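Here chain A shows up in two complexes: once beside chain B, once beside chain C.
Moving on to the complex of A and B:
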C-alpha cells in the first residue's frame, strides 16, 4: 500500500467530489444554512437546561459549551466524510456496484470511506472550532503545547471511534443488505454526546461508555480542554480507538468473503 | 503454441437462498424465521481459455453465466475447485491481477453521474498509477477507436445510453487490460450502437490480442464476435466448442424461397415432392437438407420456370433458443 499513490488518489477524490457537489449550488446553500441553524438551536437548547440550574453533573454552562463545540466538529466530520461515503456502501451492495470498487487496484476500505465529500459539513467544523475559541476566552484557559497535543490526540481518537462504529454498521449490509436504519440509530445516539457524561444516571453512563462509547467521543476531549482529565482516561481512549479501528478493518476483510454481489 | 490464460478445474459454487411463502402469514413467518436453503448454482465445471480468444457464454437467465464471470474476475469465492486467470488466483485480488483485468457490466455503471466522463477517466488513471501524459495518449487512442470526442466533456447524466456505454468502456480500458469480462455489454443499446460496440471489441482484440469473455442475450453479439461458445445449462456446461459446428449440428436444413413466374408454376412446385414451409401466390418456401441443397437447386432450375430464388439459414435466435433449454450436446 503506497502512501504516495493514496495521497494522489485522495486529491482526485477531493477534486471530483467537490466538482460533483458544486453542480448543485442551491443544495450547498441550504446545507450551509441548516448547519448554522442546527448549531444555534443546540446552544439555545443547552441554555434552557442551564436556565434554572447553574450546573448539570458538575458542568457549568461555559464548560458544557465545550462539549457542544466538540460535538459540532465531530458532527461536521460525520457530515463531510462518514455520511456521504458510508451510506454509499449500502447503495453499492444493494445495486452490486461494489464490484467496481473491489476490482480496482486500491484498498477497498480507503476507496469507500473517502471517495466522497460534502463541503457544507466543513462549515460545521469551522463553527465548532470558533465555539471552542470562544470557550477558551470565557473559561480562561491557558493555551500551551502539551494542552494542544493532548487535545488533538483525544479528538483524533474520537474521530477514529466514530468512524469505526459507522463503518462497522455499514459493513453489516453485506449480510443484511439494508441497514440504513442502524446508522440512523447511531446518529441519534450521537446527539447524546452533546451532554456531559456526568449528567446521566450511573447505568446510562456505563451503557454509553462500554456498549456504545459515545462518552469517549466528546466528554474526554472536553475534559482535556478544561485541563482536568486524568491520564488513564486519555490512555483508555487511545486504546479504545485503536481496538475499534483494528476491529473495523478486520471485520471488513472478513465480511468481503461473504459478499455475493447483486444479480444482473 | 498459444498458452492458456484461463484455467478452470472442477469449479462449483453454492449460495444460501431464502424463500418466502406468499401472503401476510408467509411474510410474518419469513421475518421471524427465515428459511434458507443451499443451492448449487455452478456444478463441477472445467474449461480452458487461450490467450487472445473471444469466448461467448450462452445460457438462459439464471443458468449461471454471470456467476462464472464473477468468479473468474475474483468477485465471488468459489465453493469448490480451482481457477487460474493470467497465472493468478482471482479471489485473492492481488494488485498485479487487478491491473490485468476489467469487468464491464451493461446494466451497471462506474462513471460519476454528475460529472463529464473525462473526470472519471483521470480518477481511474490515478488509481492505476498511469501518468498524465500516458493517460492523455490512451484517452485519445481509445476515443478514436470508439468514435467519441465531445461526449467526454458532457455530464454523464446528459449522455445517451450508447454514449454512456462507450464512455464506460473507455473508463474500463484505460489501464489496457489483457483480459476483458463483459456481462451483457450491449444491453438496451440500439442496433447502430450495438454494431459499433462489436466493431470496437473486435478491433481491440485484434490490436491488443486481449482475451474476451462475453455473455449476451443478443445473438448477434455472439455470432459476430465469438468463434467459441460455452453453453451453460442449470450450472453445468452443456456445450463447449466452435459456434459454427454447433449451429451446423442444430440446423441441418436450409430454407429456399422460390419466386415462380406464375401461380400455376408455384402449385406445380408445391406438388413435386419438396417439403414446403409456406406458400403465398407465386412465392413458395421449401425446406431442404444441407447436404442436398445443390441437387435440389438443380432440380428447381431445370424443371420450373422461376423468376428469382433466395437461400436462407433458419434464424439464429431460433437455434440458440433450442441450445438454452437442452442439457447436453455431443458433437
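Moving on to the complex of A and C:
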C-alpha cells in the first residue's frame, strides 16, 4: 500500500470520472452560472443585514465577505469531491455493490471517498479565491509567509473536519440504509458557516462549536485571514481536525463489521 | 359516472402514494429538519437588532419566519429529480402507456408527502414556541383558510415551473441542473431568508413582477399577520398558474412526441 500506488490509482479515477462528466458539457456551463448566482445571492443577503448597521457580531461588511469567500471555497470542495462520492455510499449499500468495493485490493475508504469528481465544483473554488483576493485588497491585508502558512493550515483543517462530518453521516447508512436526507440536514446546518459565529445568540454559538463544529470550519480561518486569531484557537482547530479524521476512520472500520451485503 | 371514476383515480393515487411515503417516515422527518434555515436567519435578525431598521417588531418577525418555515415545508417540490431518474432509468415508457398523465402520479406523491410531513412540522413549531413563548399566536379561521390556499397556490406555481423544467429531460436528459439554477433566485428572493419588506429599493421595484415573492413571502405574511395586499397577491398567484399551465401542456405534448424510449 504505497503512496505511489494510491497516486497512480487516483490518476485513473480522475481520468474516468472527468471523461464521463464531460459528456454533459452544457451542464458545466449551467453549474457555473449557478455558482455565480449563488455567490451573488449570499452577498445580497449580507448587504441586507448591513444596510442600516455598521457591523453584525463585531464583523464589518468587508470582513464578513472573507467568511463568504472561505465558505464558497469549502462548498466548492464539497461539491467537487465529498458530495458525489459520499452520496454514492448510500447507493452502494442499497444495491449491495459495496461488496465489489470491499473486494478490491485497495483501501475501501480511499476508494469510496475519491472515486468520483464533479469538475463544476472547481469553478466555485476559483470564485471563492477571487473573492478572497478582493478581500485582501479592501481590508488592506499585507501578505507574508507566516500568514499564508497559518491560513493554509487552518483551511486544511477545515477541509478535514468537513470531510469527516460528511463521511460520518454517510457511514451511518450501513445501519439505517436510507440516509439521503441526513446529508441534507448537514447541508442546511453548514449553511450557517456563511455568517460570522458571533452574530448568533449564545446558545446557538455553543451548539455550533461543540456539536457541529461549524465555528471551526469557517470562522477561525477567517480570523486568521484578518490576523486577529489567537494561537490557542489555531492549535485547537488542528487538534479537533485530527480527532475528527481519526475517529471517522475508526468509525468506518467499526461500521464495516456490521455490513451484511444485500441478499446474503 | 365520469366524476366517480376521476374521484376513484384520485383516491387510489393518493392512498398508494401515502402508504409509500409512510415507509419513508424517518427520511421525511429529516427532510423537515433540514428546512430550519429560516430559524437561524431569525436568530441573526433578532440577535443583532436588525429588525428595528425595517420597522418590524421582533415578535412579528419571529412569526414571519415561523410561517415562512411552514409555507416552505408545504411547497417543496422535487418533481424534476423524480422525473429525471425515471426517464434515465427508462421508467417513463410504461407510464406513458397508461391512460393517465404521469405528472398526476408525481402530484399525488407530493400531496401524500405533505400529509406525512405535517406532524413533523408541527413538532418543530412546538419546539419553536418553547424557545420563543412570546411569539405564540392563533390566526383566525379565515386567515388560516386563506393562507392554506395561498400556500397551495405557491406549491402549484413551483410544481408547474418544475414540471416544465422536467419536460426538458426529453431533450437534454439532465434537467436537474437547470432546476438547481432556478432554485438560487427562489432561495434568495422568495423571502425564505429575509422578508421581502427588508429588501433594498432597487430590488423591490421589480421583484413584484416575478413569481418569487408570491412563493413564500406572501403566504407567510398572510399567515403571520404582517401587512400585505391580499387580493393583489391572490390575483397574481392565480395569474402565474394560468400562465404556466398552458406552457406546461404545450411542452409536454411536444416532449412526448420527441420521446424515444431507452433502448429502442
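One rule holds for everything that comes next: the second predicted complex is superposed on the first by the 263 of 264 C-alpha atoms of A that agree within 3 Å, B and C clash if a C-alpha of one lies under 4 Å from a C-alpha of the other, contacts with A are read in each partner's own complex, and residues count from 1 in each chain.
Assume a contact is a pair of C-beta atoms (placed from the backbone, for glycine too) under 8 Å apart; a residue touches a chain by one contact, two chains touch by 3 or more.
In this text the structure is predicted, and so the values were computed from the model without any measurement.
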Which partner does A:26 contact after superposing on A: first (chain B), second (chain C), both, neither?
second
Figure out whether A:52 sits in contact with chain B (first) or chain C (second), or with both, or with neither.
second
Could you tell me if A:12 is touching chain B, chain C, both of them or neither one (first, second, both, neither)?
first
Thinking of the overlay built on chain A, is A:204 touched by chain B (first), by chain C (second), by both, or by neither?
second
Quick check on the superposed pair: does A:95 touch chain B, chain C, both, or neither? Answer first, second, both or neither.
first
Tell me which of chain B and chain C touches more residues of chain A.
C
Footprint intersection on chain A (chain B / chain C) at 24
What residues of chain A sit close enough to touch chain B in their complex?
5, 8-9, 11-13, 15-16, 19-20, 23-24, 95-97, 99-100, 102-106, 257, 259-261, 263-264
Per the touch rule, the chain B residues reaching chain A in their complex are 15, 66, 70, 73-77, 93, 95, 98-99, 101-103, 105, 107-110, 112-115, 119-120, 122-124, 126-129, 155, 183-184
Give the list of chain A residues in touch with chain C in this complex.
24, 26-27, 30-31, 33-34, 37-38, 41-42, 44-45, 47-49, 51-53, 56-57, 176, 178-182, 184-185, 187-188, 191-192, 195, 199-201, 204
Which of the residues in chain C end up touching chain A in this complex?
24, 26-28, 30-31, 33-37, 40, 43-44, 47-48, 50, 53-54, 172-174, 177-178, 180-181, 184-185, 187-188, 193-194, 198-200, 203
